[in-house]
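Just passing along the structure, written as structure tokens.
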Amino acid sequence: MKSVKRFEIIIERLHARDVTDALERAGVTGYSLLRDVTGTGDRGDRAGDELTDVFRNCCVIVAVPVEAADEVVESIRPLLKAYGGVCLVSDALWVNH
Amino acid sequence: MKSVKRFEIIIERLHARDVTDALERAGVTGYSLLRDVTGTGDRGDRAGDELTDVFRNCCVIVAVPVEAADEVVESIRPLLKAYGGVCLVSDALWVNH
Amino acid sequence: MKSVKRFEIIIERLHARDVTDALERAGVTGYSLLRDVTGTGDRGDRAGDELTDVFRNCCVIVAVPVEAADEVVESIRPLLKAYGGVCLVSDALWVNH
Amino acid sequence: MDLSLVIDNLLNAPVLFFLLGAAAAWVKSDLEIPSPIPKLLSLYLLLSIGFRGGVELAHGGLSAGVLTMLGVCVAMALLVPLWSFFIVRLRLDAANAAAIAATYGSVSAVTFVTAVNFLRQSNVPFGGHMVAAMALMESPAIVVGIVLARMNDRDTTGPSYLPWGKVFHEAFLNGAVVLLLGSLVIGAITANKDAKSLAAFVDHPFKGVLCLFLLDMGLVAARRMGDLRRSGLFLGLFAVTAPMAHALMGIGLAKLIGAGAGDALLLAVLCGSASYTSQSPLRCD
Amino acid sequence: MDLSLVIDNLLNAPVLFFLLGAAAAWVKSDLEIPSPIPKLLSLYLLLSIGFRGGVELAHGGLSAGVLTMLGVCVAMALLVPLWSFFIVRLRLDAANAAAIAATYGSVSAVTFVTAVNFLRQSNVPFGGHMVAAMALMESPAIVVGIVLARMNDRDTTGPSYLPWGKVFHEAFLNGAVVLLLGSLVIGAITANKDAKSLAAFVDHPFKGVLCLFLLDMGLVAARRMGDLRRSGLFLGLFAVTAPMAHALMGIGLAKLIGAGAGDALLLAVLCGSASYTSQSPLRCD
Amino acid sequence: MDLSLVIDNLLNAPVLFFLLGAAAAWVKSDLEIPSPIPKLLSLYLLLSIGFRGGVELAHGGLSAGVLTMLGVCVAMALLVPLWSFFIVRLRLDAANAAAIAATYGSVSAVTFVTAVNFLRQSNVPFGGHMVAAMALMESPAIVVGIVLARMNDRDTTGPSYLPWGKVFHEAFLNGAVVLLLGSLVIGAITANKDAKSLAAFVDHPFKGVLCLFLLDMGLVAARRMGDLRRSGLFLGLFAVTAPMAHALMGIGLAKLIGAGAGDALLLAVLCGSASYTSQSPLRCD
């Protein structure tokens, strides 16, 4: 098992692709995406009441090598600044296979 | 980045609102909700076989300041006692924006 | 609150039952399942474009006592080897009830 | 009764799709109808049955017979959990006995919908008020179950100690009841105007949607057969005999109040069927 | 206008299902239409209305009157956010004012669909080009909103500083616009060949799907009433008067260009209605 | 062949919706049909096509010609992966070659369904047994693929070393096969009784649902075009020529056994089309 940093990024679904693009630019090759997340934050409830899903959230989960963590943080931060959302970072072990 | 406690509360969907109400009473202003969680626990499988979703689970994810963690635990505990479910607490860093 | 190890296993949905079977063999009695996870990894994008859900992922979340963690790792590893996927392990506290 | 009629009945598409689902689950096929599709199907079925019930009610009107029938239904929803409780209590603790009692008192919408489809197909008429009866029977059983659990439980922090407001809320305002009664009222109001233009949505695909829904029910039911086995002989016996006994009572009562054949069958189904839903506010750890 | 006609209009099934949804949310029933079912319903409604609009367009053809109407619609989509911005700016900061302006400039597909259903039911004809008009009005409002926000915002890292490419992308290529216009074109191309064989999908269940969709809209709208209250008197007043003023302008313009009654109503709805969608690229923290 | 017929064929609604989806993905619109809606659509299409195939089978009966056709289909499902394996093996390792071989041996339900829709629209008759043929061709290809992979793989812990029980399980009991065959059997059993009352669900909306499904297929296909480019010239050439060669063989065999035009087209589609599904138990790390 090797040490990794686990990122959990909750952001509007509309911006999911921005997040994964930013991750790819930061050299991340694997990530997972939960598409159906709702929530409450500084900017009110999710909506989803019109004909697009603009206000729904998603959650991107990424495990990256410890040494890559800072770069990932920096690639995500501008997105959070622009669009709101949450990014949590924690320690985890990756089961090798 | 600031230290936070990350809560993950898995409970029957029916009680999702009880959880978020309890969180709001404990002063939490942001949380995320995954609505489609199934599982097995002490009280058997989820069902979802009748015309309501009574037996489906949901998962509430909340990051709170370290000093608020105890109050959140205490606000959730009675719900777990009454309805079953699981609450995990772990350390995380919150990416400022 | 007692210390536990939190597992997060992301694998193709097709193999969800293999994972839960392996967990049950390792003595785990409770787990949660998120069924709708997509992602990118070593083996390309998820698809979901034919008439079965072969390429969709799922995510199994399990909290186990610290002393049971090694056995769970060993029960999951062969599945990751055979089918790909990711298993992250982290520390968490379980709120007693 | 004619055996060939029974077989003929079993050989109709909705029942066969139920069996297909059960067979698929039994051979552990990965066939599944993922959430929330079953929910969409059930919303459709409730809306459809409610709306058509309302239209029929508007045409039939509220007679003394209708009110008697509704009274009988509510009475059965109150009484069935009562005696079920005292029988099950012989073996189980109060909380679980109350939960099971509420289950048998309440109604299974799936079974009701399937019975309605059977009547339509056999051209046996039935009253729109039977749909109202179904909606009315859901709630009392839950309330009786909770009262029984409380009277027999000393732990005032457990789930049976929900505040009464919450109990009534869950009993009377759960989504299925609201949608069913709401569609019934809307059907009754717009019977002359919208019934025709909505028929292509509300009537025509009904049987097909039921097939798909019963396919899912088959999958679910077969997966839960294990639970039944685990529940032991006593509960197993109760699970088999109680619905039959209740259904027979239903038929008896229908005769007594002079209801038609269609209404009698539906009353039997309402009395005999049981629903998981009502357990929820009562389940114990 | 005849009051009984208004009541009669309110008493049709789609409106009643909206009220049912609102009532259910109001009594905090757990009735819900889980995601992504509303999305399926809205995809269906857009496809259906686009396809039928295309078929009608193919039969009616592009006349000068049609082009005038489309020009008027686009002009309104550009002007409404402009004056809305300057009014709302009296009380709010630029970014929020721009977001609100874009909202009122754009159109509410739900309202449009409901109005179309009303016209069909009342047998009032309208042109297929009105569907094209709806699709054309979504994008300009967003662009105007963003231009306004940029002209008044100095923080070049905020959300209003999306690259222009992305702005136009979101304005012109959002899924609803693409599906609506695409279905319109497909309807126009295949009008003679497929319109009949697709009717069972595209026409017949339309009203029923609308009922289910409006049930969900009712649930959502009632849950958001709180937001309205929180937004204060000024915005509340604006939210009530602006749509009416815009709708009246729409009717006036329709008279001016000599449009028929059906087209006039739809123009009023397009001008008056507002959509959340267009806020998104503009919202501030 | 007449060119205008080809164009006419391309200009029908299902194909145009596929192109709309592809165009939307190509311009990176956010149009999407979120999971599990495509699953609902595909469940519907399988159920519908299975049920109607069963009804037609009940009316047509099992003749020698039908059995010959089924035999030819199964033979092709066994042979196509065999030669595909030896060709692809020239460039790829055994595991990947086996996966690709299984892919080309199996059938694409989407293509089949689209072809069926085309035949119905052109009023060309075809036999219900072709639906059974599709169901029968899915499994052999998977089994052959796995056998080939095992014979050429020494790592006995890799994915090709699934226990045989699991292999057969995945090959013969996957959800699509079970639903298709199940609906076929149900259709055959209830042909006289339920075919009419289910038509409003099973027949009428078929083409419309296919449009929506192909819209999604278009979105998915366009997103995956990149994968095709990445796969290199050799595989690209194989991907273009193999389906054509297999389809031509299918037409030849159909002539040989004297099948009608409709059945011949469907056999060509079954032989030519390829499915991702069958790769799954074989994929390597």
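When the chains are written out, they are named A, B, C, D, E and F in that same order, and each has its own residue count from 1.
Methods note: a contact is a pair of C-beta atoms (placed from the backbone, for glycine too) under 8 Å apart; a residue touches a chain by one contact, two chains touch by 3 or more.
Just so you know, these numbers come straight off a predicted model, no measurement behind them.
Peer 1: Touching subunit B and subunit D alike: which chains?
Peer 2: Neighbours common to subunit B and subunit D are C, E.
Peer 1: Name the chain whose C-alpha centroid is farthest from the C-alpha centroid of subunit D.
Peer 2: Checked the centroid distances; the maximum from subunit D is A.
Peer 1: Just how far, in Å, is the C-alpha centre of subunit E from the one of subunit B?
Peer 2: Taking the average C-alpha coordinate of subunit B and of subunit E, the gap between them is 37 Å.
Peer 1: Can you check how far apart subunit E and subunit F are, centre to centre, with Cα atoms defining each centre and the answer in Å?
Peer 2: Taking the mean C-alpha position of each chain, the two centres sit 40 Å apart.
Peer 1: Could you tell me the distance, in whole angstrom, between the mean C-alpha positions of subunit C and subunit F?
Peer 2: 32
Peer 1: Considering subunit E alone, which of its residues make contact with at least two other chains?
Peer 2: Residue numbers touching two or more other chains: 30, 34-36, 39-40, 174-175, 200, 204-205.
Peer 1: Return the residues of subunit A touching two or more other chains; collapse runs of consecutive numbers into ranges.
Peer 2: 14, 34-36, 42, 52-53, 81, 84, 90-91
Peer 1: Under the touch definition given earlier, write down the residues of subunit F that touch subunit A in their complex.
Peer 2: Touching subunit A: residues 30, 34-35 of subunit F.
Peer 1: Could you please specify the touching residues of subunit A with respect to subunit F in the complex?
Peer 2: Those residues of subunit A that touch subunit F are 14, 35, 52-53.
Peer 1: Quick one: which bits of subunit D touch subunit E in the complex? Just the residue numbers, please.
Peer 2: It comes out as residues 35-36, 39-40, 43-44, 47, 51, 169, 173-175, 178-179, 182-183, 186, 189-190, 193-194, 197-198, 200-202, 204-205.
Peer 1: Which of the residues in subunit A come into contact with subunit B in the complex?
Peer 2: Those residues of subunit A that touch subunit B are 8, 10, 34, 36-42, 57, 59, 73, 76-77, 80-81, 84, 86-91.
Peer 1: For subunit B, which residues are in contact with subunit A within the complex?
Peer 2: It is residues 1, 4, 6, 20, 29-36, 61, 63, 90-97 of subunit B that touch subunit A.
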